[in-house]
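There are two complexes below, and they share chain A, which is joined by chain B in the first and by chain C in the second.
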Partner chain A sequence: MSAAVSLRGISKLFDDVTAVDNVDLDIADGEFFALLGPSGCGKTTTLRMIAGLELPSAGSLQIFGEEVGSLPPNKRPVNTVFQNYALFPHMSVADNVAFGLRMRKVPKSEISTRVQEAISLVRMSGMEGRRPNQLSGGQQQRVALARALVNRPKVLLLDEPLAALDLKLRQEMQFELKQLQREVGITFVFVTHDQEEALALSDRIGVMNDGRLLQVGTPEEMYDAPVDRFVADFIGRSNFLKGTLESPDVVCLTNGQRINVPAVDAVTVGDEVQVSLRPERVMICDVDTAPDGVARLSGIVDSETFLGNSVVYRVTLDWMTIEVETDHRPDLERHHSGDRVDLWWRDDAVAVVKP
Partner chain B sequence: MSRKPIHRLPAWALRTNGAVVLLFLYAPIILLVIFSFSASRIPGQWGGFTAEWYATLFDDSRLQRTIAVSVRVALVSTLLATVLGTMSALALERFKFRGRRVFDALLYLPIIIPDVTMAVMMLMFFSQSFSLLESLFGIGLSKGFATIVVSHVAFNIAFVSVVVRARIAGMDATLEQAASDLYASRWQAFRFVTLPLIAPGVLGGALLAVTLSLDDVVVTQFVAGPGSTTLPVYVFSLIRKGVTPTINAVSVIMLVASLILVAGSVGLQRANASRGRQQLRTSGGNS
Partner chain C sequence: MAEAKRERTERRRGFLLALPSFAYMVLFFAIPLIIVLVYSFATRTSTGSTSLSDWNFDAYRKLGEPIVRNVVVRSVILALVTTVICLVVAYPFAWFCAHQRQTVRNVLLVAVMIPFWTNFLVRNYAWRILLSEGGPISSFTEAIGLGETDILFTKLAVVIGLVYAYLPFMILPLYASIDRLDRRLVEAGRDLYGSGPQTFRRVVLPLTMPGIIAGSILVFVPSMGAYVTPELLGGGKETLLGSYIVTQFLTARNWPVGASLSFVLMAVMLVSTVVYFRSGGKNL
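Our next item is the complex of A and B:
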């Protein structure tokens, strides 16, 4: 089966600035895919190239096996939900939704049934006659979805679709979006700078930075086994321990200590690496009470921050500071500033990343 | 927070100021209307009420011809200038091309340069190009209706383009991208999305062009030929022969015509106002 969207060596230059740099990516049919990255990382440009709103400077772009790299947007089997929705202000909700079908000269009777279907799919029945300015942000968002989905695109592109909504509505729409995607079974490609949104919604995530696609994987893979320091830092929080890869599963830290790590093949032995250690995966205990056979470091508690359900300690070693997050439970011992403590973790709690 | 005025003018001073401004603006117009009904042959003197000047005006076939020429020139030149001006506004706002900045600057020239310069330029252009055509192809052309239309188009493009550009600048460009994403061709996107949204600007530009065209004396006088005199040029020539009360009557008719135009445009704007406000809000907000 060919991929829904397939990018090979896609680059985009604006004048002399490289916005997207040699991206290879396959998005499977029926997948909910998130392109995640900070603003200016090239994720929106990548989406716009799939939509046809920008033409790639180099590379090949296929949609279901058909080369579309140089086709204008109106010739591509994709539809877009724009960040500000871009609803036509001079048209009613029904006319907005019908626009794509009218442009494709679909018979009138079919248009009205499909428009009704799409409007009820996004639960906007009864609002057909309203103008976009008479709708709330969440309603405009739904109309934008209906306007795109009514065309039965092979791929639906969403550019930060939830960014303009307030927090509560955003969480509600996240849920609806996920449900909608399951219902219609269309491939969704979704651009966001919000890592929580990406983790919650998508089947797979691609993290971009500086125009490059750094890593693609399921939300769990991205969180548990980041291959790049940027990815580990952008998705969740992490401590980074500097060292050198001595063998595929041993890292020598800068303090001379050797630790076991999950085997990596993305880094060559002998290279400088960093070990990503999530704050909630580090255990904290009194000196010399760590279990045997685990990696451990000792240090002094520098500060403690109480967050309600958890406590965050900053522990100073003689060569770096490590952040530790523990649950706040009556059965767990609290440590205080100035206490000497040991930190330990299981070998599979860490990930080796490129610095 | 409003600032408290330091020097506060007394209310009577403000009222007097307002009255003087209104008097200054409207007294000449009122006088003109009154004296167009004066029976005296000397234009500035009251000699009892008469509608005689209006009657002579309607008998004057030459005057009627000039009105017909004026209206035809205004309609044709406005149509051309509105199409070309809207096109250039779109080009400047929506596309990047070589020489865009130069084109942008040059487009404003007709607004800045004096009428007389424009008139001499057009005259030179026509006489040079006519003699060139004559010598190359043996086509003999002379000044007349077409040269007036071309000259009016030449200065009206600039005005239409300025008005339309302001409207396009206030319009969200992603709306056009959304249209093309929804399978609209370039033309369909313009026809169904861009044009309805910039229509108030295009209409405003067109009304401005009509007014400027009906109004123009200087340029028209230079490029008009025999038998193609417009109303303002004719009125101007009447003045040189000595002012007669007929001029007052003609002026009143022109005044009424422009009032009707203005009222029409205000009415259209009112009808569009609620829609226009909605459009600006939706395209401006949410981002």
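Our next item is the complex of A and C:
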């Protein structure tokens, strides 16, 4: 069984500027896949290459085993939900949705049933006669989804589908989008710069930066075991402890202390690395009260910030500052500025990342 | 209180600013227009002068006669041909222009305007040389073995001259509406299985229609009433509306007919423009 979308050594150059740099990626059938990264990282260009709106400068691009790298967009079994939707302003909702079917010369009777189905799938029944400019952002978003899904594409591409909506609507649509994907069972590939959206929606995430695909994994893998400092920093917050990998599961930190880490194979022994330590995975306690057999560091509380459900401490060590986030609970002891404290964590709380 | 006063001052200032152009238009456009209208209801006396004492519709009735009808039909066909050729030539250029970098666009758009820097008559005489027997075009066709060509004083020469003269009026509104077209709509059309030509017909053409209509009006209207180009390049062989009106005023000394014809021409243009605006057209 071949992958829904398969990229091999895909690159894209715009006038000598490398927008996408040698990307290898397999997206499984039925998967909800997110391409995540900051603006200008190449994620949209990658999506546009899958759609056929850009042609790759190098590499092979397959959709369900068929090489499509040089085909025009109308010859590819994919459809796109554009950023800001790109609905045809001179057509009604129904005509917008019917567009793809008409282009493919589907019989008239079939068009009207399928359009009705698609419109009710996105809960827009009764709005068939409206023009796009008479719809709210969320409604336009739904029409754009219907216009793409009515064609039963093998892969649905979504370019920042929720970016134009306000926060509350965005959260609603996130939920709907996820449900819709389960309902239709089509592979969704969506591009976003919003890490929370990526975590909430996708089965797997690929993080891109500077045209390179840095890591691909489930949301949990990306959060708990990032392999690149950029990934650890982009998805959530983290402390980065500098050091050298001494053996596959031991890092010597710059202060000379050795800590155990989950074994890594992406980094060679002897290389400079950083250890990513999530603020909420670090425990804080009074001096010498940490349990035995855990990694620990001593420091002084520099500041405490109360955030309602949690408390964030900044703890100064003599070689760096570490952020610690603890739950706010009556049974947990509060520490204050100037207190001497110990920080500790279990070995599996950290991840070794490329600097 | 103070606000109301300021508003009044502002309004007065706006009026003062508009006054010069307003006065100019009334003096040199509106009033002469009314004079033309009045004359169109007047009577031509046997001596060739115009009598304003007897008001009637005779001049308008005369427009139904075969001679005038032929002139009108000929002019309409010529203007239509000119408009269609302008559209076909201008659209690809405007499209190309709108898809260039800003600096390239500016250079191209200035190039479109450059002919305006030379006097219209001079340019028409230049075309006479280009089109005449023994001129550059003739020499070229002779050189490639097609024999001499004498295009001057033909309908073709008139069309060439009119297209040349009014092409910029087609290009500029087309450019404006193509530039305003959201590229992603074209991409959406292609993404939704539209081929290039299908996407053009279903998406690009309807969305750039305002530019097409605006450009067509701007070319069709002056082509209909063109006088200089048909005279100089057509040799006045076939009477067109412009020449016919001039003849009525100057040679035939039948001012009422000249005036009524001018007015009907203008009314047709006005009505078609209004209809266009009413139908939701913009960006003229």
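Please note the rule applied: the second predicted complex is superposed on the first by the 355 of 355 C-alpha atoms of A that agree within 3 Å, B and C clash if a C-alpha of one lies under 4 Å from a C-alpha of the other, contacts with A are read in each partner's own complex, and residues count from 1 in each chain.
One rule holds in what follows: a residue touches a chain if its C-beta (ideal position, glycine included) is under 8 Å from a C-beta of that chain, and two chains touch if they have at least 3 such contacts.
The shown structure was predicted, so the numbers you read here are calculated from the model rather than taken from an experiment.
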Subject >> Combined model on chain A: chain C and chain B, fit or clash >> reply: clash
Original post:
Is A:133 in contact with chain B, with chain C, with both, or with neither (first, second, both, neither)?
Top reply: first
Original post:
So, does A:164 touch the first partner chain B, the second partner chain C, both, or neither?
Top reply: first
Original post:
Touching A:309 in the superposition: chain B (first), chain C (second), both, neither?
Top reply: neither
Original post:
Of the two partner chains, chain B (first) and chain C (second), which one does A:109 touch, if any: first, second, both, or neither?
Top reply: neither
**OP:** Scan A:72 for contacts with chain B and chain C and give back first, second, both or neither.
**Re:** both
**OP:** With both structures superposed, pick whichever of chain B and chain C touches the larger number of chain A residues.
**Re:** B
**OP:** Residue by residue on chain A, keep only those touching chain B in one complex and chain C in the other, then list them.
**Re:** 51-53, 72-74, 78-80, 82-84, 86-90, 99-100, 103-104, 147-148, 151
**OP:** Can you check the complex and tell me which residues of chain C touch chain A?
**Re:** 182, 184-185, 187-195, 198, 202-203, 206-207
Original post:
In their shared complex, at which residues does chain A touch chain C?
Top reply: 51-53, 72-74, 78-80, 82-84, 86-90, 99-100, 103-104, 147-148, 151
Subject >> chain A residues touching chain B - in the complex, by the definition given at the top >> reply: 51-53, 72-74, 78-80, 82-90, 99-100, 103-104, 131-133, 137, 140, 147-148, 151, 164
Original post:
In their complex, what parts of chain B are in touch with chain A?
Top reply: 172, 174-175, 177-185, 188, 192-193, 196-197, 275, 278-279, 281-283, 286-287
